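What follows is subunit A paired twice: with subunit B in the first complex and subunit C in the second.
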Partner chain A sequence: MSNLSMTLPQRIALAAFFIPVVTIGLSYALTVAGGHEPLCIPYIEGCATITATGIYYPAAYILRAGIAMSAVVFILWWYCVRLWLESVRQAELVAWFHTVVWVATIGSVLIIASMVVLGENLLPSRDHRFLWRFHATTAGLFFLANSICQIMMTVRMRQLRRQMNIAFSHIVVKEVLALLQLLFLTVLIGMTIVGYEFEGMVAFFEWWLATLSSLFYLSAWWDWRDFRLTRLEQSA
Partner chain B sequence: MTLAQKLCVAVFLLPQLTVWLCLAWLYYLNPVDACMPYVSLCLGYWRIGVPDPLSFLFRAGLFSAVVVWLFWWYSLKAWLLLSIKQPTAWTIRHILLLGAVACSALLVSVALLRPEQTHILWGWQSAAVALFFIGMVGAHSRVIYWLYRKRRQWPGELNLTAKLRMLSLQWLLLAWWLVAVMLHSPWQQPLEWWLMLAVSSFPMMFWRDWRHFRLILTH
Partner chain C sequence: MSFGQSIALISFILSMGTIAVTYGVATAQQTAAICNPFIDGCTDITHTGMKGDAGFIFRGGMIAACAFFVVWWVNMRVWLTRYAGKIALNSMQFFGTLSALGLLVGTAVLIPEKDATRWAVHVKGANLFFQGMLVALTINYVLILKARNKGLSVPSFRMKTALMAILWFMFVAFAGVTVGIEMSQGKRIIEWWATLFIGLYFLSSYWDWQDIKLVHTSS
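Take a look at the complex of A and B:
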């Protein structure tokens, strides 16, 4: 049973990290190769938004498909979270787990909706204001719902640390990732509300939020070494 | 309903509901174009994913269906390994690989659709569709053949008759569709709809078998 050395939840955690990261990287590379965006470090320079990598073909094919698939993997990841946290068998927490997973699922559905509208059909942007607003709103709500759910999960993990035998370092990593997301999101929303903008602001925050969120999904890989979904995996 | 059963239902409902909703939307936007694509030569299955805003819904539904389908194949693998005490790992991996290749082909065939019809790479798209249908029917055949060979060792009740009928129907539709494609016949359009319905109905055949199969320990 060597093929079962990694558990199904661990595979889901890896997929939830690698599918979006590889997708965004690949679509950015194709967009740069097509001459539509400059070659730069968007994490520092804020030179290209993730959205911009999904406008021109063939990059749009990859970004749309990759992120929509990632969103379904995120839903499965949250499903695993629910089962994992429910394994402590505290009846009073069940409703809480269900609520968090539902909010995260709705967030994932929103990112699918946000991605499927991308393509050259959005050009010129002044003629497609509704679709651009739809994309921006759904993507923003996804990041908001996702980071809130990840923070809530971290808080609950800290509370259940002893019962679930979770390593302290694993919780600290998650807390840092979740708090950084909250910080970036708060600054972005705050700056948008007060009308303060700098060049490449949205791109800068978008890349960081996407990366931090993906890293959070990956962080579950270490927690789920002994968490089995199937009976077969348990017996293996 | 167990998680494995939910996957069976989702694999059937996601692609079907998506295209039915797209059809309803299309008829709402253009009542003149209203037709029944299962019985008339009016609209190909993949053509519905071309114009905006229908393509948004089409992409969302079918991209999601690809991932759910992949997990259905994973569940099938777990079920086959659980049910037979001496698993033939190679055979099961081979089935899973074939299913995954077919799902990837579906992903490519949907991803290539875009509203600017003249820019669609129809050659690649058609090749991906053919690979998806052939791969899926091939993988289903491999599963049924494997179950048929193991039927005497099978621990519980195993209803193969309905699955065999469904598989025969799939082969019939696939052969007919391939001939229609080679002859550039317009009949390939309704056949695509029927073939998609037959292929996505196959997982539902396991709904009953999986009523005692628990993919999740806590169930």
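Take a look at the complex of A and C:
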């Protein structure tokens, strides 16, 4: 399929993957180049949080702009998925779709709020405790809401697989991504409750959850070939 | 409400709402002067969105609005596809998207400390927004005019005509909407009005895009 024939929802699915992944990668590279964070594999070593890549300029400009833009794309993705699933015309599910999409939208707004406070204005951290707490709370709520909504949506997509004509392999990919998110979230919450912590724990989970949720957004690309923005002819 | 109408509405409410809330918070926190900036030109939009909580609101709201502007141009392209050539549509969408990205970059570099702000980037980004937007909207208006003559229903045509006339009058009479670090009172007034009129142009498509929808055509 050529780029020219790509539907708008497909472009949204692509953007929801590439914008955050490229943004985080670029801001991390700039932060490392500036000598503010070590060069490592954060997925394994947990050596730098995503937040840490958005403190020093110019990396902070990129993280702020890229993630705020990503959040809008996430909102559009949820709007698309709602309209897509509503096309099965099961009236009893409409309220459910609306609720999940609203929760995911609020989560996306929270990540914008979380990102705009980042920058060198947060240094030294002891003088800006409120803003740091605000950032940590809003970012945490985003990850929680986003992952839970994706997990719930996977369950519903499986139920509607036949009506929606979703390929079995596409559902399996979504289920794997949703299960991994569930696993990471459960372990993180469990460890927090029992008070167990290892070095780089937050960074480790943050990078994995961000990547898994981006991959989940991308997975809709294969489902949305026949889901397009179009101008319907009005009846006379 | 159709997808197209939602995008038109959000593009207006988010951009204008962000500026209004930013100004309200800035005046409440005394980082901007209290006045009617559309008449008095006591401050420019940029300086209301730099310091304090107003800065956070401005950066978050305007960057998000820029993303919606990009989608607004996609909608406009779909709406005009059957009535305009590919080159004209590509040009329109290119300048529209470029101007939105200019504003996005110009907004992202704003920080509370005026001396440390990368003004060159901000000024270029903001000017790219205003000049690029005028080019994109002009192409858009001409395409709509031609499409209307071919039978396209354009409920907002009078509103769009009035807005284009005003924007061009401002451009010719005041040598364009040019943003700088320190702007004259007149330039500041023009900036506020031009921003409002561009926002209204985005909103005007709400009445045109009732049939711009996302449709699942099962194969």
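The definition used in the following text is that the second predicted complex is superposed on the first by the 226 of 236 C-alpha atoms of A that agree within 3 Å, B and C clash if a C-alpha of one lies under 4 Å from a C-alpha of the other, contacts with A are read in each partner's own complex, and residues count from 1 in each chain.
One rule holds in what follows: a residue touches a chain if its C-beta (ideal position, glycine included) is under 8 Å from a C-beta of that chain, and two chains touch if they have at least 3 such contacts.
In this text the structure is predicted, and so the values were computed from the model without any measurement.
J.: Could you check whether subunit B and subunit C clash or fit when both are placed on subunit A?
T.: After superposition on subunit A, subunit B vs subunit C: clash.
J.: Scan A:R228 for contacts with subunit B and subunit C and give back first, second, both or neither.
T.: both
J.: Between subunit B and subunit C, whom does A:C149 touch in the aligned arrangement: first, second, both, or neither?
T.: A:C149: touches no partner chain.
J.: Contacts for A:A203 in the overlay, against subunit B (first) and subunit C (second): which applies, first, second, both or neither?
T.: The answer is neither, since A:A203 touches no partner chain.
J.: If we overlay the two complexes on their shared chain A, which of subunit B and subunit C does A:A68 touch? Say first, second, both or neither.
T.: both
J.: Applying the touch criterion given at the start, work out whether A:P9 contacts subunit B, subunit C, both or neither, answering first, second, both or neither.
T.: Second partner only.
J.: With the two complexes superposed on chain A, say which partner A:G119 touches: subunit B (first), subunit C (second), both, or neither.
T.: both
J.: Touching subunit B and also subunit C: which subunit A residues?
T.: The answer is residues 8, 57, 61-62, 64-65, 68-69, 71-73, 76, 83, 87, 112-113, 116-117, 119-121, 228-232, 234 of subunit A.
J.: What part of subunit A is in contact with subunit B in the complex they form?
T.: Answer in residue numbers: 3, 8, 57, 60-62, 64-65, 68-69, 71-73, 76, 83, 86-87, 112-113, 116-117, 119-121, 228-232, 234.
J.: Quick one: in the complex, what on subunit B touches subunit A?
T.: 52, 55-57, 59-60, 63-64, 66-68, 71, 74, 78, 81-82, 89, 93, 107, 110-112, 114-116, 119, 214-218
J.: Which residues of subunit A touch subunit C in the complex?
T.: Per the stated touch rule, the residues are 8-9, 57, 61-62, 64-65, 68-69, 71-73, 76, 79-80, 83-84, 87, 112-113, 115-117, 119-121, 165, 225-234.
J.: Name, in rising order, each residue of subunit C that touches subunit A in their complex.
T.: 3-4, 6, 56-57, 59-60, 63-64, 66-68, 71, 74-75, 78-79, 81-82, 104-105, 107-109, 111-113, 153, 210-219
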